[in-house]
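One chain, chain A, links the two complexes that follow: it is found with chain B in the first and with chain C in the second.
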Partner chain A sequence: MESAARNISFKEKANKALGIVPEDAIISKSYLFVSFIALLVGGVLGLLQGLNRAGLLELPLWFNYYQVLTAHGILLILVFTAFFTIGYFYAVLSHTLDGLLPKVRKMAWIGFGLKIFGFVLAVIPIIMNEASVMFTFYPPLAAHPVFYIGLVFIVVGVWMCAFGSFIQVANWRKRNKGEHVPILSYFATGVFVLLFFGSVPVAIEVFMIIPWALGWVETINVMLSRTLFWAFGHTLVNIWYLTAISAWYVVVPKVIGGRRFSDTLTRLVIIMLVVLNIPGGFHHQIVDPGITESVKFLHVFMSLAIGFPSLMTAYAMFSVFEKTAKKKGGKGVFAWFKKLPWGDVRFLAPMIAMIAFIPGGAGGIAQSTNQLNQVAHNTMWVVGHFHLTLGTTAVLTFFGISYWLVPFISKRVLTPAINKLGVIQTIFWTVGMIFMAGAMHWVGLLGSPRRTSYTTYSDHATALGWDPYLFFLAIGGTLLMIGIIIQVYAVIHLMFFAPKGETEFPIAEVEENATKTPYWTERWGVIIVIMLLVIAMGYVIPLVEMIVNAPPGSPPYSPW
Partner chain B sequence: MKMHLDEKIWLVLSFGMIMGMMLFTGYQTFVLGMGPPSHMETIDPQQVDETAPFDEPGVFEIGENEYEVVMTLELFSFNPGDIEIPAGSTVHFTMTSKDVTHGFQVTGTNLNAMVMPGHIQKISQTFHEPGEYLVLCNEYCGIGHQHMATTITVK
Partner chain C sequence: MNQFIFGFLLLIFLALPPVAYLLESIMIVHMHMQMPLLVIAGFLMAIFFQNKFPQFFENWNHNGIPGILLFSIIMIYWMIPRAMDDALTFQTVELFKYISLPFLAGVPLRDSWQKISSKMKNAVIMIFTMIFFAMGWLYIKWPEQLCNNYLIIEQVTLGWGFLTMGVCMTIYLVYNGLVDPTAYERE
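Up next is the complex of A and B:
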């Protein structure tokens, strides 16, 4: 313990004196810059859709709704989140593991180049209207082969970064035998393990698709590709979540002047999310044919199990708020509420993100159960759900992180003016999402389908009844667009124009009387084996069924 | 590992809630027969028009107030469309896709199923209330996806 304490204070001093290594800073800066530009463009596309959906805007033939929607999904779900996550966690690895190794730095750059190249390849056919397949690209919809080749480059780029992080962590552990990997780097390890293992199934899928899209093989197994996609798609969800809660557990307590929650339980939550996550993908296929009811029931459990670590997190957060408020002299049950720094965007944004996860998580649990899923499946409800969970819980936390991370890597400071702007941004985002995600949930329950451009279905009374809700959706979307403009302005300002100075990387300490974390939490080999066993439990039976009893395959279709 | 009593209570409640959702889902699926549409039969997606029963799509009365609808979905239509049935009848839908993945959703009911090429999907519903129900495709299927709809009129 003593040596650990010495270590920390030495590192703190070193970091204070030197800040982030410039070579590492430029990596994170580049990743975050791409991330927020993707947010800006993706946001504009989102607004176009919202206005179309409300019947206020007709999109031109050369840039139709489904092109816009495909680009919106790829930009925000892949580019924005992946570049943010990698930029953030590479800053974490650099800061908490004594600077990136030269080899790892190189890998981060190669990964950056591969991803950008892959992204450009994927976008060209979308713009040319030869890849309106959505970010889910379910066969037998077939995009131009270049689209899939682009995806391969993106995946390989992500793997580069994942392996870079593993090398960095392994090297640190060799130099610090018997010690626990610092908590934020532990989160990073979990995220990159999921990124790697989660993208394996989609890589297999894409390698099935490419020869088929090129016409070398005639048909494809539709069910198998869809299932492999969701093994990845759902993992991505938990990568966002794990990234967000890393800030909740470690950064938020420091920002509010407290200490963080039990180190053991924090690590346990990470382990549970890694182990339980990948089979959760099946809850996207609850009303599919070709999967038996008993397999679907098994997967209700596999999906809901992820709810447990989230409920543990809910407890942990409120416990930290309450303890911190008590230390500051707050009395009574709701003292924590008054003692929190609501005017500090570094707290306010992630706090609202957490609050949004209460309805977001509850909606998720509802959707995972078979019969309720049948009501909501593929309706606007689902779109509302992930704009609440991804669009608010994850994204607002990312925004909150940006207000200290960007000045930290840019050796600048967060000025009171930009902090105030951040608070205003958070309010725009919150109100915008209440309108938009709220309207989406409601109109979804009334039957309005997702991924459908404006239509009244020949003036059917039911469809006409959706219009007022869709109008609210457009209002929300407009507020969110204003929010995005403010946010991107703030990031650019903090990156290039804010006053020079030192910004702290806020990492909370554990409680003084905290018990020692058991060392088994460091055994990633065992954790990964357990994860693979759980994946096998979830996937072996249905995948064998889908391959052995497969119907004749499907030829490609490009109906656009 | 130290845990406070209130945390233990919270976690027991959390676990209980998840198990409760599980039990309800299992009860509804296996006891009440309300499981999600999960039909296992397959079909050659390029031979749908030649394969029974889809060589003759249509509405068939199979009992008192009981109908079977044999339906094919394709870009961008449902066949048969504009279905009419008397109020109170139970309808069993047997569906497959002739091209890409489609969705079958009937607003105002719990009918919601994926209809995929190569797979036969089945789902049933009793229509008590008269009215014109909107049937729509809820899985993006191409440029005309927003026009893929029809109606079920219950009289």
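Up next is the complex of A and C:
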């Protein structure tokens, strides 16, 4: 034990002295750069939509609402989050596993190239108004085939990065026999396992769609493709969640000067999220026909099972805050509240992210219920829900990470001025989201549909009643746009212009008297087989039904 | 002792008429959920018997082979379509299911699994993998109802359940064969 402790401190010293390997830094920098540019462009498009929904702006025919919406969705849900996650976790792998292997570095670059190439392919038909299918691209809406071919390249690029991470981790374990993979790299493993297995169903879907979009086959099984899409879409949600909580469990405790929560339980949460996640996809199809009620019932159970690790995370966070505050001499039930470094953006942003998850998670549980889902489904409520969960919980955590990660990989420092700017940006984001997501939730309950350009339905009274809320949506959207500009400025500044220096990669240690983590948590082969069994349990019944008793199928429709 | 209680409660729970009815109403759930859960109940309860009758297990299951054989026979018996029909038709057969799966499959499995070598374990998994592929093929391809109680679509679903489990076990075996734990773990 003693020698292990000495080892760690030696490694820490070495890392401090040398920082990140320049070749690895440039990988993460490139990924993060693309990510934040996508945020900027996606944000502008979001603002256009918000203004349109409020009736303040009519979009021209050559750049219509559904084109904008498709681009907004793909840029933010796919490009921004995926590039951020990969850039962040590759920095983690490099930092905690002694630098990337040359082979792995190459794979990260090939993955980068494939993704950018695929993205360009997908964007061309969107700009040409031949692919206004939204980010879900459900059949029977059919885009130009090039759009789907672009998606294939993106998926293959993601796989490259996933396998790169597996090679890196396996290699480290061979060099460090019997040791646990450092916790952040353990998170990375979980995320890349999900990225790989979650994108298999969507790859199958895309290979079903391509011949159909090309006209080689006449019809497509709509239910099947929706189901395959959500097996992926839902997994993506848990990838964001895992990425965000990696910072909550490991980085936030360090930033507030405490220690992290039980190592065993942290790893258990990761395993549970990986094993239980994929069949949760059915909660996006609660009102879909063609899935029997009993199967839907079983899947509500699956969805709510994910609630357990979430509640455990909430418990873990409060436990860490309390312990840290006690150590700093805080007294009373709410002492922890005053002892926290609210002025430090590296803490403030993820903290607000966590707080946003309380209403966000509650809304999620509510809409998993069959009856309530029938009220909320495809209304603006849902858009409010994911701007709160993804757009705030995940995204604000990503922003919080950027204030130390970008200077770390750029060998620069976070100046007090930029920290202050970060705090201001967090406030803009919070207030903007309260307005925008709040208005979206409310107007959704009043019946305003999602994915619908502004219309008053011939001045129908109900539709006119939505207008005041949609106006709040536009105000919130404007505040968010200011937030995005500040954020992107901060990232660019920290990447290229901030003063040179060494920034710490904040990783909290476990408590001194922590119990030993059982070794079986490292046996990913077994965890993956269990995960596959759970997937089989969730999918065999509905998929067989959908395929064997399939309706005639649908020809492609392109209504633009 | 805790484990025994959990196993026992699980067995009681599975025997509750509404639970049994729900699980048995879907063919694949009947075979791939209720039956394994019964085995797990026995697996959990095994501790009690091992502590109570150590001599019995020592005498009759000294090297683990008899136990694993008994387990396999019981499992294979319950994969026969006819057996499920019987269980739904005759109370006595249903009773036999609730006794045989926990006590004649679950208990010996636990006692044997600790005793047999890892080669033997892989052989057992391999045999079951092959059986699963064969059963999957049978249930998917057979053009008629194999059970009076279940429709063809349920039969096909069960077949795919067998195939996917077979695939999972194959992946496990390949992983086991390719990855050498001594390269990663200290003894």
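In this text, the second predicted complex is superposed on the first by the 559 of 560 C-alpha atoms of A that agree within 3 Å, B and C clash if a C-alpha of one lies under 4 Å from a C-alpha of the other, contacts with A are read in each partner's own complex, and residues count from 1 in each chain.
What we mean here is this: contacts are C-beta pairs under 8 Å (C-beta built on N, C-alpha and C of every residue); 3 or more make two chains touch, one makes a residue touch a chain.
This structure is a prediction, so every number in the text was calculated from the model and none was measured.
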item: Fit or clash between chain C and chain B when superposed on chain A; value: fit
item: Superposed arrangement, angle subtended at the Cα centre of chain A by chain B and chain C, nearest 10 degrees; value: 70
item: Which of chain B and chain C A:N549 touches, first, second, both or neither; value: both
item: Contacts of A:M312 with chain B and chain C, given as first, second, both or neither; value: first
item: First (chain B), second (chain C), both or neither touched by A:V540; value: second
item: Chain B versus chain C as contact partner of A:V529, first or second or both or neither; value: second
item: First, second, both or neither for A:K177, with chain B first and chain C second; value: second
item: Contacts of A:Y519 with chain B and chain C, given as first, second, both or neither; value: second
item: Touching partner for A:G447 - first (chain B), second (chain C), both, neither; value: first
item: Contacts of A:F301 with chain B and chain C, given as first, second, both or neither; value: first
item: Between chain B and chain C, more extensive residue contact with chain A; value: B
item: CA minimum distance (chain B, chain C), superposed complexes, angstrom; value: 12
item: Touching both chain C and chain B, counted on chain A across the two superposed complexes; value: 549
item: Chain B residues within the chain A interface of the complex; value: 1-3, 7, 10-11, 14-15, 18, 21-22, 24-26, 28-30, 34-40, 42-47, 75, 99-101, 103, 105, 107-108, 110, 112-121, 132-134, 136-147, 149, 151
item: Partner chain B, residues of chain A touching it in the complex; value: 64, 66, 69, 132, 134, 138, 140-141, 222-223, 226, 262, 264-265, 285-293, 296-297, 300-301, 304-305, 307-308, 311-312, 315, 319, 365, 368-371, 373-375, 377-379, 446-447, 449-455, 457-458, 460-463, 515, 518, 549-555, 557, 559-560
item: Chain A - residues contacting chain C, complex; value: 170, 173-174, 177-178, 294, 519, 522, 525-526, 528-529, 532-533, 536-537, 540-541, 543-545, 548-549
item: Residue numbers on chain C that touch chain A, as the complex places them; value: 26, 28, 32-33, 153, 156-157, 160-161, 164-165, 167-169, 171-172, 175-176, 179, 183-186
